[in-house]
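Read through the structures below before going on.
Here chain A shows up in two complexes: once beside chain B, once beside chain C.
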Partner chain A sequence: MTALEYLPLALLDGVVSGLMLALVALGLSLAFGVMRIVNLAHGEFYMMGAAACLLAVRGGLGFWAGLLAAALLGGALAVLVDVSVLRRLEYGLAPTIIATFGILLVLQQVALAVIGPAPSSVEPPLSFLLSLWGISYSGYKLLVAAASLGAALAVWLMIRSSELGLKMRAVQQNRGLAEALGIDSGRVMTVGFVVSGVLAGLAGAMTAPIRQVHFLMGLDALIWSFLVVVVGGVGRVGGTVAAAVGIGLLESFTALLLPPTLSRVLSLALVLAYVAVRRLV
Partner chain B sequence: MAGRSRYSVGTPVLSAIVITALALLYTLLPDYGRTLLARIMVLSIYSYGFAVSFHLLGVMSLGHAALFASGMYGAGLYALRSPVGGPPAALAAGLASSLIVSVILCLVTLRTRGPYTMIATLLLSQALYLLMLHFNEVTGGEQGIVLPRQATVAWQLEGVLGEAGSRYFIALAGLTAAVLSVLLLQRSRLGRILLALRDDEDKLESLGYDRRLYRFIGFSVSGLLSGLSGSLYALTYGYMGAGFAGVMYSVQPILWVLVGGPVIELSPFIGCLAVGILSDLASGLVRGHVLVVGLGLVAIAFATRRLVWMSRLLGRLEGVGR
Partner chain C sequence: MRRREALSSVLKTGVAAAAAAAAGAVSGYFLGYSTARPERGTAEGGERPIKIGFQVHRTGIGAPYGYWYERVANAAVDYINRIGGIAGRPVQLVAEDDETSPVKGPQVVERMVLVHDVDFILGALFSDVVLASGPRAGELKRPYFAVSEGTHVPFGLLNRWCFQPGITDVPGQVTAVSRWIFENLGTRIAMIYPDYAFGHDHRDALTRAAERYGARIVEKIPIPPGETSFTKYFTRIPRNIDVLYHVMVGDVLTFVRELGEFLGKDRPEMFGFVDSIEATPLSAPGLEYLEGTYFWEGFPRYLDGYDTRYHRIYREAVGVDESGADKSDRSKVSAFSHMFGVWETLFVIKQAVEQSGYSRPTREDYEAFVTTLEDIDWFNEGIWHPQGDKLFNGKLHQSFGHQFVSQVRGGRLVVVHRTRIEDSLYTHGNDYTRMALF
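Let's look at the complex of A and B:
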C-alpha cells in the first residue's frame, strides 16, 4: 500500500483518537476551564480509572462492572482531594499546583503497588469489525468515540443550561457576589470537581481496552489534555473537542511520514509556538 | 520589601561557614556519607538554578529538568565523543546546551502568565524528554549511557584525592560557585533590576529598561546554574539518562527551595540536603523516594498557608498574586 491508500484510514483514525483524547480532556476542561482549578493529578484519576477497570476484569467481574468502578473511584478520589486538600488551600493557584503535583506522585506509587510495574491489557467487551469505505475498523473504538461525543454534549449542556453550570460560572466569575446571592460556593466547587473526576475515571476505563494500562500512563494524558484545553480555548467544551480532533488528525497524518514519537514532538512544538505567540491570561 | 537578610553581611559570612564546614565534614564522614553528600551538593547547584527563576524572576517553572538534562547530555556526549579539550571543554559544551534550552524556555514563557507559564514549561520539558527517548541510540533512552572512566573529571583527579574524594570536592567547588553567583547577583545592579521586573514590570519598563532583555538574562543565569549541575553530574558520576529530563526532576526543585527557607543564598542547598537525607532514609521502601517527594509537596502546599514568607514568595509569582 502506498501512503495515499492509507489516507482514509488516517482520517478515520485521527478523528477517533482525537475523540478519545477529548474524553480524557473533558474533565480537565471543566475543572481548569470553568472552575480554574489547575489539577495536575487529573491524569492520575484517569490512570486509576483504567487500573480499576483492569482489576475488575482480572477479578472476573467483567468490563461493565469495571467501568462503574472506575467512575466511582474517579469521583471518590476527586472528593478526597477536594475536601482534604484543595478546599483547605482555598484553590490558590501555586499551592494547588504544588499539592496536586504531590498527589500525582503519590497516586502513581499507589498504582505501582497495586497493579505492578508491567503494562497490562484489557480485553474489549465487544469485539467486532465495521467496514467503512472499504476499511475494516474496530467497532469498540467507534463506540468509545461516540461515547466521547455524547459526554461532551452532556458536559456542554450542563455548563450552559443546568443550574449547577450556572452556579459554577457564577462562582468562577465573582465568588463573593455568588455567595452573597446564597450560592454555597464550596459545594459547587466540590460537585464540579467530582464530575471532572468521574469523567476522568470513565475515560480511563473506556480507553483501557485500546491502550495498555500502566502506572505511568497518567502524565501523558495530563499533558495532552492541557494541550487541547489551552488550544481549544479555556472554558469552551466545543473548543476542547475540536482541538482534540485537530490534534488527533495532525498526529495521524504526520504518523504517515514520521515515527510516532517525532509526530508527538511536532504537535507539542506547534502548540508551544502557539502559546509563545498568543497572549494567554 | 527589602528583606534584611538580602543586604546584611550575615548571609555571606554564613555561606562561608557552611562551605568551610562541608569541606571539613569530609574528614569526619564515612564513605557512604561522603557519596550521599557529594550527590546532594551536585543536585543543589540545580536547586540554585531553579531558585533564581523562582525567587528573582517570579516564575514557577515545571520544566527545569530540560535545563538540567541538556547540560548533562551536552557535557556527557562531548566527553564521550570528542577527545579535544577534556573535561573543561565538556563542561563548556554542557553549559552552552543548557543556555540554548533556557533561551527557548524564555521565548515560550515570554507572553504567558500564571497557569499558562506552568503548562508551557511542562510541555517544553516533555517535548525534550520525548526527543531524548526517540533518539535513544544517541542518548541511551531511559537506561542511559555510562561514560568510560577516562572521560570523567573524577578519574582525572583520582590520583590526588581518590574517586570519592574528587567527586566530593568537585561537587563542593560547583556548590561554592553557585552560592557565590547568587550572592553576587543579589547584590548587583542586575539583581535589583530583576527584582523590580518581578515586582512591577510595567513600572520598570516605563523607566526605560527592556523587559525582554532582563528576562532573557535571568533565564540564562538560571539555565547556566542548572546546566552546571547537570554537566558536573555527568562528568563526576560518568552517567547520563533521559530520566533526568522527566517530570520528577522538574518538580523536586520546587520542594527543595520551599523546604530550605526564605534565604536564596542558602535555602536551595539546605532544602536539597533535607529532602535528600529524608529520601535516603525512605529508600528502603519500594521507590520510597518518590513517595517522600509526593507527600512532601502536599505538606509544603499546606505550609504555604501558614508561613508568611512562603505565602509572600508565592504571592510574588507572576500572575498568581492573591
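Let's look at the complex of A and C:
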C-alpha cells in the first residue's frame, strides 16, 4: 500500500536525482568520454564551483553572481591544470591519473583552508514547493533538472554539429592525422577541457542550494560520474544522461521496496551486471 | 635556552640528522625538546615534561570536530600549566593529524609512542579511528583516552589501556533521554540513523530502552554511509507515528531540507541528536524546519542552558561566546556538546597521575596509574569537570553523567530538561580489570 502510494514520488525523485547526477557527470563525459582525459580532479572542480557560489552568496553578491563565479573558476582551474600539468604529460593515461589525483588532494586542502571544515548551505535563488498527486516536491530541484537537460543538449549539439566538436573527435581518433590536416590539437584539448571545467563549476553552484557544501563533497561526485559515464557508454553524451536517469530511477524504486542499504547494494549490483552483460553481447 | 640555540646552529650546518642524533646521545632528552612548543609557566629544574600525544582529526570527515578538539586541548593544557602543571611538571601536547582515517590512526599512535615517547595518548572521536587505534595503544602499552561516545570502550571491544572518562557514551545518552521522549513526546517511534557503528549504537540503545519503558519502535530506517540524497528513503516513514528520532551525521543540511519538503507542516514530533548539527549554525539556510523540534545536547551550546560559574570559566578559556560561537569569528560555531570531553579527559589524566604518583613510562608507574584510575568512582563538578559531576565505572572504563534535552525556539537551542546521572545507567558484563595489563 505504502509503496504504491509513493510511486509518483519515486518516479519524480528518481528522474530528478538522475538528471542532477547527469549534470555533474556531463563535464566528465566530455573530458573522459570524448577526449579520454582521465581527470580524477573533476569532482574537485565541482566542489570548487559550489564553494565559489557559497562565498559569493556569503559576500552578498547573490546566487546568480555565484553561478557566474563558479563557471569562471571551473574554467580557470581547467586552464591551469591543462597548461601546467596535463599538456606536459602529453595526456598519457597513467601519468594523468596520478597527477590529477594529486590535484584532487591539493584542491581539497585549499577548500578546507578557505571555506573551513564545517558543512554550509546556500539559500536557493527561488524557493517553492510543487504539490502534485498528493506529494510535495522542491521547485528548485525541478529547475536544476531542466537545466541539466538543457546543458546535455548543448554539449551533444556541440560535439555533433560544431566545428569544435568535429575537431575534438578528430584529435581523439587520430591525433597525428588531425594535426597533419592543420588542426591545432593542443588548443582543441585545452578548449575541450575548459568546457568540461566550466560544466563542473556550474554543476557545483547549481547543486549548492540542494546538497550541502563541504570540502569533501567532490569524491562522491567523482565516483558516481565515472560510473554514469562508463555505464552510458564512453563518448556518448546521450548515454550519460540515460544512464544517470536509469540509475536514479533504479535507486528510487529499490528504496521503496527494500531497506536502504540493501537497496543501494542491489541497485549497484544491477548496474554492474548491466555493464558485464553489455560487454558480452 | 642554550640547548635550543645549539640545535638551531646544528640545523644550519646541514647535517641535521647525524648531529642531532649525536647531541641526543650526549644529553638524554635533547630530542624530546626539539619538537617542543615553548612551555609557559613551567616548573623549574628542567624536569622532563609530561608528554601527551594527541591524535586529532585535522582533515577528513572529522575536521569540523577536530578543529575544536584541538583548540580545547590547547586551552586545557595552557590552563593546567598555569596552575602548576601535572604533579608539578609542565605538560606538553604533541598533536598529529590522523586524517580521520582508521588506517592513519594506528600509525599516529605508533609515532606517538616510538618517536615522541609520550606518556599518554589523547585519542580520537570517530569510532572507526578509535576502534583501529585502541588495539595498537594496547600493544604498545600506552594509556589511550577516547573522546568518542562510541561503545567500543565500555562494551569491552578494546583493552585495559583504553579509557573514556571525559565523555558519556551513546547507550548512556540514549538511555537517559529516551524516558523523557516516551513520557513527553509519545511512544510510537520511527528512527533514522546512519548504517554504521554510531547509528547501530543508537538503534540498539533505543530499542532496549523502548522495551524497558513500553514504547514501540515502529520503523527503523538505516541510511547507507555517504548518501547525499534522502527523499527516496523517507517513503518508509509510517504516517501514524508520534516521534521521528533522527541521528543523521553526514549531509545534514540536505537531510533536513528534504525532510521538510517531504513531511511539510503536518509532521510528528522530532527528536534528534545534536551531533548532526554540531559546528553548524542553526541559522544555516534549510535548518528553519527544525524550529520546535527537540535535541539531545551533551553540554548546552547556549550558556543560559546551564549557567554555572565553572561553565563560564571553561567557556572563557576555550574562547566561545554565550551562543556557542567562536569569540573571534562569530560565524564559526563550536562542537560544544562534545569538545568539553577533551578538557575533562586532560584533567582526569592530571588527577590520576597525581594520585598514583606516576612519573615515568615504566611498568610499575603504568600499573599504578591504571589501577588508580580504575578505582576512581566519581568526578566532582568544578573547573575540572564543568559539564557536571560524573560517575566513573572502573570496570567499563566509562563515565556516566547528566544529559540535556533542548528545544529549537526562535532559531536557538533552549534547554528544557537535564537528566539525572541515574537515568543514564545501564548494565554490561564487561570488566577490564580482569584483563592483564602486561
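Assume the second predicted complex is superposed on the first by the 254 of 281 C-alpha atoms of A that agree within 3 Å, B and C clash if a C-alpha of one lies under 4 Å from a C-alpha of the other, contacts with A are read in each partner's own complex, and residues count from 1 in each chain.
Rule of thumb we're sticking to: a residue touches a chain if its C-beta (ideal position, glycine included) is under 8 Å from a C-beta of that chain, and two chains touch if they have at least 3 such contacts.
Bear in mind the structure is a predicted one, so any value in this text is a computation, not a measurement.
In the overlaid three-chain picture, which partner chain does A:E251 touch, first (chain B) or second (chain C), both, or neither?
So A:E251 only meets chain C here.
Check the residue A:Q172 against both partner chains and state whether it touches chain B (first), chain C (second), both, or neither.
neither
Is A:V106 in contact with chain B, with chain C, with both, or with neither (first, second, both, neither)?
Only chain B; A:V106 stays clear of chain C.
Quick one: is A:L93 in contact with chain B, with chain C, with both, or with neither? Answer first, second, both or neither.
Touch status of A:L93: first partner only.
May I ask you to decide whether A:P259 touches chain B, chain C, both, or neither, giving the answer as first, second, both or neither?
A:P259: touches chain B and chain C.
Kindly classify A:V230 by the partners it touches after superposition: chain B alone (first), chain C alone (second), both, or neither?
It touches chain B, and chain C stays clear.
Touching A:V38, do we find chain B (first), chain C (second), both, or neither?
First partner only.
Kindly classify A:D13 by the partners it touches after superposition: chain B alone (first), chain C alone (second), both, or neither?
second
Can A:A276 be said to touch chain B (first), chain C (second), both, or neither?
It touches chain B, and chain C stays clear.
So chain A touches chain B in one structure and chain C in the other; where do those two contact lists coincide?
On chain A, the overlap between the chain B and chain C contacts is residues 109, 112, 259, 261, 264.
Give every residue of chain A touching chain B within the complex, in rising order.
32, 36, 38, 85, 88-90, 92-99, 101-106, 108-109, 112-113, 219, 223, 226-227, 230, 259, 261-262, 264-265, 268-269, 271-272, 275-281
So in the complex, the part of chain B that touches chain A is made up of which residues?
Counting only chain B, the residues touching chain A are 60, 62, 107-116, 118-120, 122-124, 126-127, 130-131, 133-134, 247-248, 251, 254, 258, 286-287, 290-291, 293-302, 304-305, 314, 317, 319-320, 322.
Using the touch definition from the top, list the residues of chain A that touch chain C in their complex.
Touching chain C from chain A are residues 2-3, 6, 9-10, 13-14, 17, 20, 109, 112, 116-124, 129, 136-138, 209-212, 214-217, 220, 251-252, 255-256, 259-261, 264.
Tell me, which parts of chain C touch chain A in their complex?
59-61, 63-64, 66-67, 195, 221-224, 226-229, 231-233, 235-236, 238, 251-254, 257-258, 261-262, 264, 279-280, 284-287, 332-333
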